[in-house]
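Structures given as structure tokens follow.
Consider the two complexes below, in which chain A is the common component and chain B and chain C are the respective partners.
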Partner chain A sequence: MTAHVSNLGDVTLAVVPPVARFNLRIAPGDLKAASKAFGLDLPAKVGQGAHEGDRSAWCLGPDEWLLHAPEAEQGTIVDAFAAIREKVAHSLVVISDREVAYGLSGPRATELLTTGCPIDLGRIKVGNAKRTVFDYAQVVLIRDAEDEWRLEVWRSFAPHVEALLTTAQRELASGL
Partner chain B sequence: MTQYRVTGRGRVDQGTPVKFSFDGKTITGCKGDTLASALLANGQHLMGRSFKYHRPRGVVTAGSEEPNALVGVTRGKGRFEPNTRATMQEVYPGLKVESQNKWPTLAFDLGAINDRLYMLFSAGFYYKTFMWPRSFWDSVYEPFIRKAAGLGKAPTEVDPDTYASRYLHCDVLVVGSGPSGLAAAMTAGRAGADVVIVDENSEMGGTLLSEPQAQIDGIPAWEWLAGAVSELDALPNVRRMTRTTAIGYYHQNMIGMVERITDHLATLPEDAPRERMWRVRAREVVLAQGAIERPLVFDGNDVPGVMMSGAAQTFLNRFGVLVGKTPAVLTSHDSAWHTAFDMAEAGAKVAAIVDTREIVDIGLQDRAKELGIPVKLGHTATATKGRLRIKGVRVNPVRAGSAGSGHWVFCDALLTCGGWTPTLHLFSHTKGALDWDADARVYLPGRKSEAVQIAGAGRGLWGIGAALDDGAKAGTDALKTLGKSASVPSYEVQKDRIGTGVFHKELPTDRSPGKAKAFVDFQNDVTAKDLRLAVREGMKSIEHVKRYTTNGMATDQGKLSNMNGLTIAADALGKEPPQVGLTTFRPPYTPTTFGAFCGYHKGAQFEVTRRTPIDSWAEENGAVYEPVALWRRAWYFPKAGEGMHKAVARECKSTRESLGIFDASTLGKIEVSGPDATEFMNRMYTNPWTKLGVGRARYGLLLGEDGFIRDDGVIGRMRDDLFHVTTTTGGAARVLNMMEDYLQTEWPDLKVWLTSTTEEWATIALNGPNARKLLAPFVEGCDMSNEAFPHMSVRECTVAGFPSRLFRISFTGELGFEINVPARHGRALWEKLWEAGKQYDICPYGTETMHVLRAEKGFIIVGQDTDGTVTPQDAGIGWAIGKMKPDFVGKRSLDRPDIVAPNRKQLVGLLTEDPKAVLVEGAQIVDDPNQPKPMKMIGHVTSSYWSETLGRSVAMAVIEGGHDKMDQTIFVPQADGAPIKAKIGTTMFYDPKGERLLVE
Partner chain C sequence: MLLINCPYCDDTLPELEFAYAGEAHIARPADPSKLSDEEWRDFLFIRTNVKGVHAERWRHINGCGRFFNALRDTVSDQFVTTYKAGEPRPEPKTLEAAE
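Now for the complex of A and B:
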């Protein structure tokens, strides 16, 4: 995946550099242990995000979290969770390569997403995330700022989503 | 100035002429005109021909309900559109329009011969006229009907335009921007709600655009309107959308709306979409769609120049066009009187106001007298004169229901009004109840099923003042459910045209009603007589009457014809309308382009095409692709001059003899993780998993509850509590869903979690006697020897420095490995192996070769050799069932009587007597080809290939009791030629002992 950038229609669209990405599944009652292993208090409410230093976590479902960390720390994090596996049942799966992430920023970034995203984006608070769809693809939308989003999508769906996003960018640029 | 344009009237820019062409003739309109208003300004009423009789037709309305004035519009290659409504198309310089359904010309059309033969084309003529002789159907009738059917010409070129889509959320969506819609939007907007207000016209205002005389709170209507619009525009929480039609009302307040973006522009801005489909989720909806004027039904009511009085008022007041200079009015409602007055004031000489009622408001009568307009009360119309344009109407006094002798009123336009029908199409989409108001004789909104308010003329109210107040109330009611409050503003309206009227069935006549061409559905040429005939022939429900006569089936979806049709049918049946029923309105509200529905899904984005990380290499190396589920997979890699057969033969040979490389990344992968992972696997799959050691792999078989094969794949045990499950390419999502379903609903107590890793890994399969030789030098952290790393094992190690899950497995029967590396490294690893593999003549192969190689080994493909009715025993893989396990999905079904019955279809191998004969997959199998037809079919071919390795064809088939028929002969009948003879045998065609897996 080339790290291309396009700047059109008041939106900058770019492929975000890779991160260490994990899917964590754990009983909500055991969240403390997981928070300790990851070094960050994991959010308890679906949609909520938590951030500390360069680590982030978002709660995507009743027992599901998306974790981000710098690439170099992937092994350390796997080890930290492996150390508690005996005592605290959970599943930590590396999905760093499963998804490709796009960054969308600019005054019309949110509007751009409404071309394919049926949920009410206005209800996602800055720092939070939602698993939803963009057109036919399942995506996770992370809101980094009022006008800044990340869209994570399974790798093989990325060309489809990217083509739609750039079409929509040109549409915004047309002014109509 | 064109002949019928009135200086100083209307909202069009009379100072900016717009030239366009109509049937090759240059016409001049004004900026702001619709095609209809521009043509009328030039005295052109004839705009089209009807569907069945090809009768000349003029425009009858000024809005989206127009049934007659349908034209073809073109703006260059691929941009031709048939059936554009002249009343909606805005003119721009260079617009090209052609009339349709005519040959050779609009004014002289040979198809109108149908009109002379109208007695042949009565209701249900399809079912009668063309019945006999039977032999005429294929050669005469059907070609005739096909040629005659349809409106306009379907476009033949690819549409170059783009169509956009948007989702939108709001508190209150207001549909319609007449007085009630504006009042609702302003009330909700002022209170801070997120409001969207839409209107299908190019500007907002609705009725206000046609009634400039009214004064709202002392301000002239248009000035008030401008103020309202700028107030709405100033509110940041209000979005105002014109040229946007709400086409459908779906569940939970989802409204579909189509915005026309470029159809009114002279030049198309780059990348601008032609239309945009909005999918709006509104917490509250206010429907302020107004009412549609109902035509009167009498002989000759379809001649060009006969039109709705409200349309004439709109053409005059909004567009500054007199539709005639000596118009007559025929009405059963007060509103048409005002049209007559407006036209008289604008300089027309109104020939007469003919009202069916005997008693009419005295104020109206006085005003007519002041303007010198002759008035005839208690009259009917019984005929019209003129063919391409009306010349006169025959009117008769009515006494006690019967028409007296008639006389002619000469006119150049006849403005009719049969009352007003509340527009409830969108409300009807919600399945809300429509209640019959027996006094007003209209359907009104009843019980609601969505969060919706209906305001204004849409619920039978009349007059601008009433509409404003009702709209404001609807806005307040919507706010209330949103938890917001506002005081209801009230409006003081002067010069309001409060009116009343009555509805009729077809008007009484002194002539033979059987000869009257009194049209109810203009576009589909349905007359009152047709409807009565349908009832006489036994149609009792309006649904049957509609289908028998085609009344209401035109592109206006019965907006003008439904209520008249119902009234006449009910009268013929001697019942009240609600007892006869009301046909259902369905989305879209008005004709909608396919493009708007397709949106961005065209060309490469028509559907998702999933690509693997190695896809780009395959493309660069000339792969031919095949679609598998949503993926595109390399099918085969032809070299110059090779077809599929040759390429596959070469790929098979290279792999068996030395080394093949295959992209297996599309295989589904699921991480099954948690302390109860083994228990979960034991319950899901037929196989036993408890004793499978860490680092070992096993073929897993998944059944449905019915005991039939659903999916399969190799499963590796990575840890005590972690399995790497693989599924078929097409089954990946289905299997994960099925597992989640069981986990969440049946076994929520199990501590195990499922995560899809299909896309985390790129998977490269190496097969062939040289596979290990190529791979071993790249591997670190795994002893590659036969002893340390036996067949059906898995290791975590590195390959070419990439972290890897390395399987030793084989779907070809050769020594085989599957290397999983993080997806981003997939192509890099492939290229390294490719380079190094050249010493072994490494050959990339595609899915076709994979299929052949596995068939030579008798490995099944779920979905090809199984069809959802095949059990493990049927497929000959009963060994995959853990006999000692207490339970697994499908276990109990395997004991059902019909599952254990003898003579089930079982999977066997087939070898044709002629080794060169390759059977057709799907071909039926019989015991005895000489038995009488229909023959008893005992099974069918599931897989069949040419095997280059064996120098002959091989096939698999399911055959009744096949496992007990080894060495028996069967036949495969052919469409042409002798049946092919074949012998039943094992499916293991190649290396039955599996020695090739163990090559050092």
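Now for the complex of A and C:
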């Protein structure tokens, strides 16, 4: 996969630099222990996000969270959760390399996403995220700003999603 | 496109995020080896195939990942309500009161 940035028309599409990603499954009752281990109060409601410094967390399901941290801290976080495993049952899976993230920004970034996403994107608030589909490929959409999105998709689906995104980008730029 | 309310996300989302998972409220027999062949067949294959309001399982597979139950009218394809897995099927009376 070649990392690149394409700036065309009103949308900039870029492959976002890698981060440490984790998928956390834990009973909502044990959320405090997980928040302490990760060093950030994890959001309790599906869709909500929480951010502090360079760490972020989004609640994807009633007992599922997506965690982001700098790549260098991956080992530290794994160790922190391993330390509480004995008392607090949970599953922490490192998925850093499973996903490719695309950054979309620009005044028509949201419009570009509507070419593949069936959901009402206006209902995702800034800072929140949602797992949904982009042309049948499962993706996590993270809204960083009003017209700034990150789209995380499984590596194997990435060529398909990227091709669609670039096509839509060209269509928007050409005025279609 | 159908819009389905996920009771776990507390949000109404397009059908594309969901997967159908058969009739709801069919409990697996505790001890299958004690069942006759006919009873086992009925458990595996015989469904109500109702014309009207049908209780069925759905999974929010491209969202929160949870299974939940829904009441859907098989004639009009309209969702009457959705409720969390494990909850009893809502009675028509309580549904009317909620409206």
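Everything that follows uses one rule, which is that the second predicted complex is superposed on the first by the 176 of 176 C-alpha atoms of A that agree within 3 Å, B and C clash if a C-alpha of one lies under 4 Å from a C-alpha of the other, contacts with A are read in each partner's own complex, and residues count from 1 in each chain.
Everything below uses one rule, namely that contacts are C-beta pairs under 8 Å (C-beta built on N, C-alpha and C of every residue); 3 or more make two chains touch, one makes a residue touch a chain.
This is a predicted model, so every value here is computed, not measured.
Student: Name the contact category of A:154: first (chain B only), second (chain C only), both, or neither.
Tutor: It touches chain B, and chain C stays clear.
Student: Is A:62 contacted by the first partner chain B, the second partner chain C, both or neither?
Tutor: Touch status of A:62: second partner only.
Student: Considering only touches as defined above, state whether A:78 meets chain B (first), chain C (second), both or neither.
Tutor: neither
Student: In the overlay, answer first, second, both or neither for which of chain B and chain C A:133 touches.
Tutor: second
Student: State whether A:18 touches chain B only (first), chain C only (second), both chains, or neither.
Tutor: After superposing on A, A:18 lies in contact with chain B but is clear of chain C.
Student: Given the touch rule stated above, what does A:118 touch, chain B (first), chain C (second), both, or neither?
Tutor: both
Student: Have a look at where A:33 lands relative to chain B and chain C in the superposition and call it first, second, both or neither.
Tutor: neither
Student: Tell me which of chain B and chain C touches more residues of chain A.
Tutor: B
Student: Where on chain A do chain B and chain C both make contact?
Tutor: Residues common to the chain A contacts of chain C and of chain B are 118-119, 136, listed in rising order.
Student: Chain A touches which residues of chain B in the complex?
Tutor: 162, 164-169, 261-262, 269-273, 279, 281, 600, 604-605, 607-613, 631, 671, 673-675, 721, 751-753, 755-761, 822-824
Student: If you look only at chain A, which of its residues touch chain B in the complex?
Tutor: Residues of chain A touching chain B: 1, 18, 23, 25, 27, 63, 85, 89-99, 114-120, 122, 135-137, 154-157, 159-160, 163-164, 167-168, 170-171, 173-176.
Student: Write out the stretch or stretches of chain C touching chain A in their complex.
Tutor: The touching residues are 1, 8-11, 13-14, 16-17, 62-66.
Student: Which part of chain A faces chain C closely enough to touch in the complex?
Tutor: 46-47, 60-62, 64, 118-119, 123, 130-133, 136, 138
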